[in-house]
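First the structure, in the form of structure tokens, and then the observations on it.
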């Protein structure tokens, strides 16, 4: 079993129009920038994939990554908890112009819905958002005297994630806080595509240190010196 | 009538396990239930790279260690000592059952007391006496892309285990997709047992006679054969 | 009337943060919301061992690194670079919010647009214009053993932020347990604001006049004082 | 902050009668034998704690650990998935004599209910046990054409867990498959008491390798050469 893909272009080659795509990362850490840019390259060359629904905590910053996807016009809808931030003009402009949809989900609920999808739990109850406008239309229920909102799992067709070390069968580790949503999204997508800084040819990651077991990963590609979203945003890089 | 003698001519458990093993795909993730299904790993065809999952939090385990070499922190769900294959990983029970329920396993194989054509499975208890124990069986029947059963075709008393409706307490409803018995291989689809293979020596009538539910034919019925040297 | 001038005599944000920091217990696990609440860590009293949690999967972080020393894989929920204290740990987002919702944090401190005596909090948006963003605020208000708010007592326009009923969109219902304002410290309990401390220079009448909900007294009202050298 | 306790006896000293106690381990691995035995010692010396509800995957084997608790008469009820096994006479005899209660829970549901308790999720839906006698009386619901059973979180007053390495603030790692239920139970109990083979005095566990963050652990005690349940059962040791 060898899940290795030789290039980021090849890794994202079969993502079709209208796909739901989870993209790992939180703020400036853990975003699979090279996979995202490979997807943008494909869109620029072929016009596809378009009409994507992108699931991420944020909605892109600066002029790279998800912001560049939005700017390029590939994204129909964002599912996220925090689209508004100091460098989020790409999303903001499209949103205020009514050119992109937004499904706003509280951060912990977003994480739990993704985890639930990966764990075969179609719905769960959470106290989060009860009594707020984000719970409108959702079933509620009282347990032990407290009110809760019922939330559904959140699945995707693809997940693009970023790890630190990976092996040929897809076992992965993450670097510090770049872990964030990546291990959850790996579980929740029909097909998970991972980029790792170091791809070990042998199956030699310590089994006790594996964070994402290979069963959750379908394709893995090495990007030896990955770009850091935060650095790209701060230096004003445009993709 | 042929001169088929069911008690003498049916497949042994090892032979059933061998047949089931032929359908384990290269590159697949598989959970083999405790007991009889575990035997399937022994017959995994050469050249196929299969990753075995066990409920207690190990992916990628290998053969049992030699006696005296056991590390009792390295066991499977049947509490038997195991070894690790390269590429293995450890995780806690919630992540382990996320793999099960979440649809990440390609195949789960379980034993059975009874299977019905609607896919219902009874394999966890036969009555209300004694101490009940369910373990992971009720979880394993959900989520895996294919849920197969390995079983003798009939009980020791000669009663059919493939039945129109399970009478023993259910493990899961509508979950079984394929059955490997001591006489035949059947798919479970759209409320029917569809016969795919049978021992060449048994006639259709004889097979139907020891089956408690209607056998359906959809295309060819192949010969169920096993290696001659395997007993 | 006293000669209290609210715009000149109220506490600064740093002073409010200092006061809130005095109530952070030794050995506690604390989440400080993005922005103003983050300032509280700076005033953590000497000798207290406090573990700070951030939503993006870090427990036990310390001060910001020197400029140029940032590692952008080591950030907090406000996307600011952080450092680690000894005993830190990393985990994914679901485990991080398990800590939040699961009641494992001793204290969460947030900012506020409005707080009501029933514990309702509005702090995530002021209207329907612009791009909404919620982040982890709706999660943080649930689960922590104590949910405190730090806020100016009034808005820049002079309107009360402590109100009988929140008019801005809610972040959570019945969640706030204590409020630290630029004029007072109040507990939120049984549907009431209970005044615990107020600036010595402001009279009860003056304080009530700039508060949009009834202030209740239950026992002594202490003087709200901050270090003289802290501005 | 120092959560270190100097002895197992002291660690379990405040578990009262009628408590719900989660005990980590699966089969012969990961059971905190020394903590359990310290609890039995206390019961023998003082008659307390009694009427315990014990939550574990199994119901004890041989004559040690949970089996010895049951034999000693401390346990009112077992919540578990697999009480029946080759060396489970202690439970079997009491159960068949009607002297102990049993709440039988499918293994994956048990794990998820414990995890839900730790995560503040009061209820969730699972396909497991739908249409079986173990789902009788439970709410069911259809999602996307499939039927699911609603299950509640499972909390406890105390958790007794076993780890490999721990530090003074309660960060922990586990040894191979001895991980099993231990990290979940750590999250789900009001008070979690851990025994570890190695207790490092400094806070020096690699933050990326921590499996149970210290926030989930209240007391930690070193048991340098812990007994292995499987070995004790196989050698017929009686406690």
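Which chain is which? They are A, B, C and D, in the order written, and residues in each are numbered from 1.
One rule holds in what follows: a residue touches a chain if its C-beta (ideal position, glycine included) is under 8 Å from a C-beta of that chain, and two chains touch if they have at least 3 such contacts.
Owing to the predicted nature of the structure, the values given are computational and were not obtained by experimental measurement.
Following the contact convention of this document, B, C is the list of chains adjacent to both chain A and chain D. Each chain gets one centre point, the mean of its Cα atoms, and the points for chain B and chain D are 30 Å apart. In whole angstrom, the spacing between the mean C-alpha positions of chain C and chain D is 37. Here the CA centre of chain B is 57 Å from the CA centre of chain C. Annotation for chain A: residues 112, 115, 119-121, 126-127, 174-176, 207-208 touch two or more other chains.
Within chain C, residues 58, 90-91, 94, 97, 100-101, 142-143 each touch two or more of the remaining chains. Checking each pair of chains for touch leaves A-B, A-C, A-D, B-D, C-D. For chain D in complex with chain B, the residues that touch the partner chain are 26-30, 57, 81-85, 88, 91-92, 95-96, 102, 104-112, 114-115, 126-134, 147, 174-184, 211, 228-231.
Of all residues in chain D, those touching chain A in their complex are 112, 116, 119-127, 141, 143-144, 146, 148, 152, 173-176, 207-209. Within the complex formed with chain A, the chain B residues making contact are 26-27, 29, 49, 51, 53, 58-60, 84-91, 94-95, 97-105, 142-143. Interface residues of chain D, counted against chain C in their complex, comprise 1, 115, 117-121, 167-169, 171, 187, 202-205, 207-208, 210, 213-216. Partner chain D is touched in their complex by these residues of chain B: 55-58, 71-75, 77, 79, 90-94, 96-97, 100-101, 120, 130-139, 142-143, 169-173.
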